């Protein structure tokens, strides 16, 4: 299968401390793969380098290269993509759901309006992604209510729906179910499996069972170094 | 449409910064240019030999030294008067006030913060007159009254600084001393306040800076254009801000105008120093999040 | 010691209330002499026993309003640049400079503007002497800007960092984050900043005293001279102490005190209203 993401000798340090050491790995397309490992080992940092979210904070130094095939072309994400465009292609969902302080509808519309989409198209897409995230039926009557009123599991599915709105080629999930109860987690795991069929999903997780269930490739991160497990 | 609005915002913001920076730069440039060639010694001491003025108290008639001395004196006394009530009120608000007391005192301190300085000066003036009517021997306009009124003016700065400083202390630190047997008061004075000493000092210096620049309060309570002799608490006095104001309408020739600029630069430097020192000391604990790591969970 | 602390707080509170009475009591003869309405709504003409302070109220409002018109956009713009473009060191330097600017004494602004701005305005607009509402508003707007900038930046920075991160992750540029997220979320803080700027502008004495001309007539336009409540107090101090004319300054003080009180309540209402918005 074709490679989608190529990380070559990636090192990252912040404030003098080296957080990631010489990481090299390749990820194919249409796959769910997982990164596991002890707390503080650098998993989240690694993810944040893939969508360059690390650059929102001052002082980080990156060595090595990250290349991705986006829009059909292979390119170095530091040289050939600007932050805003990259993040449309590489979406991310965090451990604690972070709905924007607005209605459900406007949460999903937010990334689309940034791209200049028109109202009608946004409305269609909203329903589409809410269905994809198995959330539509639960919220269809109250799309204009504040997203913060939803339950934890619903908020997380909303965040996933929102991340999917722009049809990203790569999806980064940072422990998406650890703040949820098992039922909600189960729903999201099913969703993740689905998503892996037509895009690249990188999942950071502690749940061995979860990883076994959804991921086809597993890496282990320890002290900023990556090693293949499966 | 979106792109256009965003572009407009960027242009507008940079323009604003440009205007802002240009205005202040021109202010400073003007001041610098106008004090060129000004003889510092005669600016401060006029015709009186400086050493005589400094050591022997010989009156200075044409210089701003009395005004500088007056400002420094009145501000020192003012802050000395205000420190205790201000810090204690701050302690009260942070540690002792019950819900109703807190609301009332808080409201009153807010009002005091917002009161125009001339209203404070006017109140000081009225009080002085009232006292004079009741006790004919009471002092008229003098440095003491100005110091009291100025102290009252800057009181809220001290209150808020103390209150904020105490509120920002983490819970674990608060529990240490009481766990060892200290009373609440002992905890405050031996642990909490010293922990925040920098912020408190910063607050005091900030209050000093504010007091130094104020003109309205002192104008109504004791400052005059000319008081060349030795300063005393119960005499009228000169001060830099009033000198500048007075000079702005009373200058007779370019030389006097230049003295006005000289006084302006002196006062600017004085206040600038106070404010800079205060900001260096205060750690600026905002109640808000300080925009640090986004990578944390 | 606890008693001392409580006493200090009481003293502070009592003194603040005392100020109010220090306006009311000496001014009482005037309050009872003329109808309050006539005093507040009438013109100022001491020779014909008219002690109305309406021209001063209009003057204060006009100059403070003008200062806000000048200062608010200026401060917002600088705040925007700080939040959008300045990072780390640059931002600290910028904010430090702004904070330092708030230490420039009012009389110094007035003095420099008097010598330079007044003749400039006079020559640019061929009506008037250069002492006008416009001149005062321009300088006052600049004067209140540093404080407002710091307040605006705090408000914008105070927006939930997780929401800002979410917006960034979705591809929003810093400008877009400001426009579509921070502005609406920070609105209460921004409004508070404006209200505080208003308070500062209304309470200022020397800018208007030195630059606005102090005419006792009702101002007819921005290029005309005007007198503020604060300047009036300063000017009338020189008059015979026992006259009703003198006591008009207590009325001014009274109005200013009430105005301050109102502003404090408005600020609290703004805070309160917007607290309810939070989930």
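When the chains are written out, they are named A, B and C in that same order, and each has its own residue count from 1.
The working rule: a residue touches a chain if its C-beta (ideal position, glycine included) is under 8 Å from a C-beta of that chain, and two chains touch if they have at least 3 such contacts.
What you see is a predicted model; the values in this text were computed from it and never measured.
Using only alpha carbons, which chain's centroid is the nearest to the whole structure's centroid?
Given all protein C-alpha atoms shown, the central chain works out to be C.
Suppose chain centres are the mean of their C-alpha atoms. Which chain sits farthest from chain C?
Result for max centroid distance from chain C is chain A.
Roughly how far is chain A from chain B, centre to centre by C-alpha average, rounded to an integer in Å?
Roughly 52 Å, centre to centre.
Using Cα averages as centroids, what's the distance between chain B and chain C in whole Å?
Comparing mean C-alpha positions, chain C is 18 Å from chain B.
Quick one: report the Å distance separating chain A from chain C, using the average Cα coordinate of each chain.
48
Could you say which residues in chain A touch two or more other chains, in rising order?
Within chain A, the residues that touch at least two other chains are 53, 56, 94, 96, 113-114.
Where in chain B do residues touch two or more of the other chains?
294, in rising order.
Taking each residue of chain C in turn, which ones touch at least two of the other chains?
Only 160, 165, 168, 173, 176 qualify.
How about chain C: which of its residues touch chain B in the complex?
Touch residues, chain C against chain B: 1-2, 4-9, 11-13, 15-19, 22-23, 25-26, 73-78, 80-81, 84, 96, 99-112, 114-116, 142, 145, 154, 157-158, 160-161, 165, 168, 173, 175-176, 178-179, 196, 199, 202-206, 209-210, 230, 233-234, 237, 249-250, 253, 256-257, 260-261, 263-264, 267.
Hey, which residues of chain A end up touching chain C in the complex?
Against chain C, the touching part of chain A is residues 51, 53, 56, 58-59, 83-85, 87-88, 91-92, 94, 96, 98-101, 110-111, 113-115, 146, 148-149, 159, 162-163, 166.
Could you pull out which chain C residues touch chain A in their complex?
Its residues touching chain A are 87-88, 160, 162-163, 165-173, 176, 180-181, 185, 279.
Mind pulling up the chain B residues that touch chain C in the complex?
5-6, 9-10, 12-17, 19-20, 23-24, 27, 30-31, 84-86, 88-89, 91-93, 96-97, 101, 104-105, 107-112, 114-120, 122-123, 125-127, 129-130, 152, 155, 159, 184-185, 209, 212-213, 215-216, 219-220, 241, 244-245, 247-249, 257, 260-261, 264, 267-268, 271-272, 274-276, 279, 286-291, 294
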